[in-house]
Amino acid sequence: MSEVRKMQQRIGLAPGGKTGDVLAQEIIQRFPQGVTVTKATLNRFYAQVDKGMLLKLANFMKEHQDFEHVTSVGGVDWLAEKKMQVVYHITSYANKVTAELVVDLPRDKPEVDSITPLWGGANWHERETWDMFGIVFIGHPKLERLLNPDGTEVFPFRKDFVSGRRV
Amino acid sequence: MAEMWLNMGPQHPMTHGLWNLRVKVDGETITEAEPVIGYLHRGWEKLTENRKFAQIIPMADRLCYGASMSWSHLYCLTMENLLEVEVPERAKYIRTIVLEAQRIGSHLMWLAALGTDLGSYTVFLYPVRERELFLDLMQNLCGARMTYNYPRIGGVRNDVPANFERDFTRVLNHFEKRLPDYEALCDQSTVFRMRMEDIGYLSAEQAKNLGVTGPNLRGSGVDYDVRRDDPYEVYDQVDWKVCVEKTCDAYARYRVKMDEMRESCNIIRQCIKKMPKGAIRVKAPRTAPRGKTAWAHVEDPRGEGFMYVIGNGDDQPYRLKVRSPIFVTVSAAPAMLVGYKVADVPAIMGSVDMCLGETDR
Amino acid sequence: MESNGLYEFLYGIALWLMQVLAWPCNNLLGWNDFAAWLISPGVVEFLTIFLASIVVFVVGFLVSITFIWQERKTLGRLMDRRGTQVGFLGLFQNFADGLKTFIKEHIIPDEVDKQLFNLAPVLLIAMSCLMICLIPMGPNFYLVDLPAGLLLIFAIFSLAPFAILMAGWASNNKYTVMGGMRAAAQLIAYEVPILLSVAAVVVLAGSFNLFEIVAAQQSSTWYIIPLFIGALVFLLSAIAEVERIPFDLPEAEAELVEGWMTEYGGFRWGLIMLSEYVRGFAACGLIVILFLGGWSGPDFLWPEIWFLIKMFLVFGMFIWIRGALMRVTTKQILGIGWLRLVPLALINLGVAIALKMGGWF
Amino acid sequence: MDLRLAPNAIGMTSVEFMAWSTDLMEQLAKYTGIKKAVDKLTAPIWSWAIRNATVPLHFGIACCALEMAAASGPRFDAERLGMIYRSSPRQTEVLLVNGWVTAKLRPDLRRLYEQMAEPRWVVAMGECAISGGPWYDSHNTVQGVDTMMPVDVYIPGCPPRPEAMIDGFMKLHIKITKEMKGTFLDE
């Protein structure tokens, strides 16, 4: 999607909303040290967030920048680099902007604050990420097995769990 | 009457897929609902880590088998963002036509499932009969009825067959003559209105917060559609309108999907007229650098489909995260169900077009 | 049993049969008094009644079986597909279904209440077959002419909820109990409108005897014209009594699997399905007798043939309603029954009384 | 079957007598060859009846379920062969497994199979049911339904076309005719 076409489309469609880079600037002033915005375009911005700052940033984005919808919460297991990663994608219908927040966690004790109290949509995403990777979400209402049968102890999506015959 | 847990499922009419709704019942009214899924979980994302980029396209077809074209297209879009490939103009038009045809086919299968749930076998068979016409079109184009393996990273597999426009316009004219039949069977029958109106209420606030997307969100009055607000392919060069209903109940969701079928016909007709000549595919690089990430989201017939991929240095993805719209809508099911009768559950869950293949991945 | 065509015909056969039996006893074995006893009117009359009941039952049974065939073929045509093709025009499909249930394994789940479980289908089929023998098909083709035939039929008609509750309770399964209770509530709720509309007919006809009702209609017009509202109420209530689609909730597929029939397999289930269609036969017979003037018709055809033609037309109406409408929920079923049909039936009763007082009938 | 018990048959309770007499009748029929004759005579009738009224279970798992729906649609009408879908396992003959079977579904599917009445058949429709299909290396799917229940007909294809499904049922009909199950159902 060339940038020019997006600009025309943006002006026509979202009169009231703020564009991605304006939102990114607001966040940079608001959270100077905890959050580093890596890239910001018209309707996207990408940020690296520390574990402790996530809930504060999420509250700010929900209240002031009206991000209403959690597109997805996904876990990534970096076995070689000895870390776990949780990737949030949060969308704002009013501004038509989608934000990608990446949080790094130590691999031995992966824990992060749950954003389910803010957005109900993240409930099952976080539950599935725990079910598959073992990342604990503090404050999640019902952290239990979702897709795997109830008895499983292993976290199947971790890189060290080999599933079936490899091709 | 004492509180009683009731299991509805896992044996459900064939088209919804397998899930089990545990419902706490006080007499006939539902006080608590808890969907149990996982009956179709095959660890799809884990399997993609064993496959090469091109091998994942047929796998993506089998994510949600009701709208397999839209999922394999979403995967190709994500990979094009990752490998920074610009798809030629003609391929974009073909993709839009095929996506909209798949949307009509998927909405027809949803109407058929709704018919079985509400007890009318006729409303099951008429949409299935129309869906056969669209499956024939797709078969001429891609060779298969349901799992097409048609989009490629960087374009589409083959060009359109001879008299492609004639077949499409003929089917669309026939289909637009038949759509009033379904409305006669459903909208004008008071039994259908009695069963569908003011049940499964989901306010706009609840819908946005619980992550419900697509026709179910537009049924609650929120005017958001990924095709218009974050356009991909050629949706911004075709003028069409987003169908939104205000009454937030099961009937509103039904109305949105019926109007969307008409809009899709309109989009296909415009795309066929404006389709330029030219190449249909571009050579894409074979490997992606390790740690490079990309994502894309599309308007799947059931909601906002989303994929996030991380390169691995060779020609296999390191991680491929899929967000299925119905996975979230089913998690919002208790909000729609509590307070209504057990007999209303099929109508409510029928109005939410469920496809459990993508929910369980 | 008064003399009618069927009775005389069978009396001749029975007498001939007894004479054939009596001849060897007289001449070869010499048991003269035994042979005399054989030919005595008592024995012959008993044999005639026995043969007549077999003939009437077999005819009623065959008509119900052809109802099944008619339903599958017409429903198929309504849904733009060919019905069943087993045998000539699909006629042998019922026999295939029937014979198949003979060979099925007799499953009695172990935690089931055995006596009630076995008794319920027997009760159901007994009640239904009793109704076949009570419904006269023509002046020369009936089994019994009771002064209060209509009352007896409705007494048997309203016995069904007991058997259904028994079946639902005995299957010891949450869903069957719910299905059984819904069925009982529905059948009892629809007794009232049916009896009120029948009361209107009796007021006009002046007697409970089915033959006099038909005679009254032959003299004046068919009762469907003056009592149109009553005919409509009777039709809807009959559909509810026979548990067909718009009021099909007890065996709602989507949430109660098969309602109170879930645990029955093989021959017991065959009997239950058969009793459902035989009750349909009885309901159609009543509609024809009460509102469509029974077997009256221009006399180039036998009265019995007219009766059968009207029966198939009325059952065609049942099928048409099944093809078009969807299932209604419990709350609405009882709502329609009590709040819509009962007032209509009362209005109809008022009309009947006014006509009677006015002296037109 | 011990005829020595015959003289003191009166002393038996009703249940014992019932068991003893049915056993006696069965032994008699078996040894005098009546059972074989009855089986020979009635088998064609039963197999014709079952062939023309095979009722599959209304149970869809995955993509093949949509093809099963299309097969009962107006174009490939499966009801021509007398196939209607009933939802209770007690009243059906054929368990059509149309999709991948996961570890969570396996006990339910096994229970469904056991609830079906005796002359029953299992049709594995689609690659996933035959051998795990595209999910051959998944940790959660059953690699082929025949590892958990006896399968009679395999319908290859992913998903098989509706004609292929109906052809699969045609093959099942041939199998039913060959098996020729008699009245007493035991060999």
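Think of it as A, B, C and D in the order they're written, each chain with its own count starting at 1.
Following the convention adopted for this analysis, a residue touches a chain if its C-beta (ideal position, glycine included) is under 8 Å from a C-beta of that chain, and two chains touch if they have at least 3 such contacts.
All figures in this text were calculated on a predicted structure; none of them were measured in a lab.
Counted by C-beta pairs in contact, the busier of B-D and A-D is B-D.
Chain B has the C-alpha centroid lying closest to the overall centroid of all protein C-alpha atoms shown. Chain centres here are Cα means. That of chain A falls 65 Å from that of chain C. Chain D has its Cα centroid 35 Å from the Cα centroid of chain B. Put simply, the C-alpha centre of chain B and that of chain C have 47 angstrom between them.
For chain C, residues that reach two or more other chains under the stated contact definition are 79-81, 253, 257.
Within chain A, residues 148-149, 156, 163, 166-167 each touch two or more of the remaining chains. Chain contacts: chain D has residues 58, 73-75, 87, 104, 137-140 touching two or more partner chains.
The list of touching chain pairs reads A-B, A-D, B-C, B-D, C-D.
Listed in rising order, the residues of chain C touching chain D in the complex are 72, 76, 79-87, 92-93, 95-100, 102-105, 107, 253, 257-258, 261-266, 269.
Residues 148-149, 156, 161, 163-167 of chain A are the ones that touch chain D when the two sit in their complex. Residues 10-18, 38-43, 46-47, 50, 58-59, 62, 65-66, 68, 109, 112, 124-125, 128-129, 131-132, 135, 145-147, 357, 360 of chain B are the ones touching chain D in the complex.
Across the complex, chain C is touched by residues 4, 6, 8, 11-13, 28, 115-123, 125-126, 129, 185, 189, 191-192, 194-195, 341-346, 350 of chain B.
Contact residues of chain D toward chain C in the complex are 45-46, 48-53, 58, 73-75, 77, 79-82, 86-88, 90-91, 93, 117-119, 181, 183, 185.
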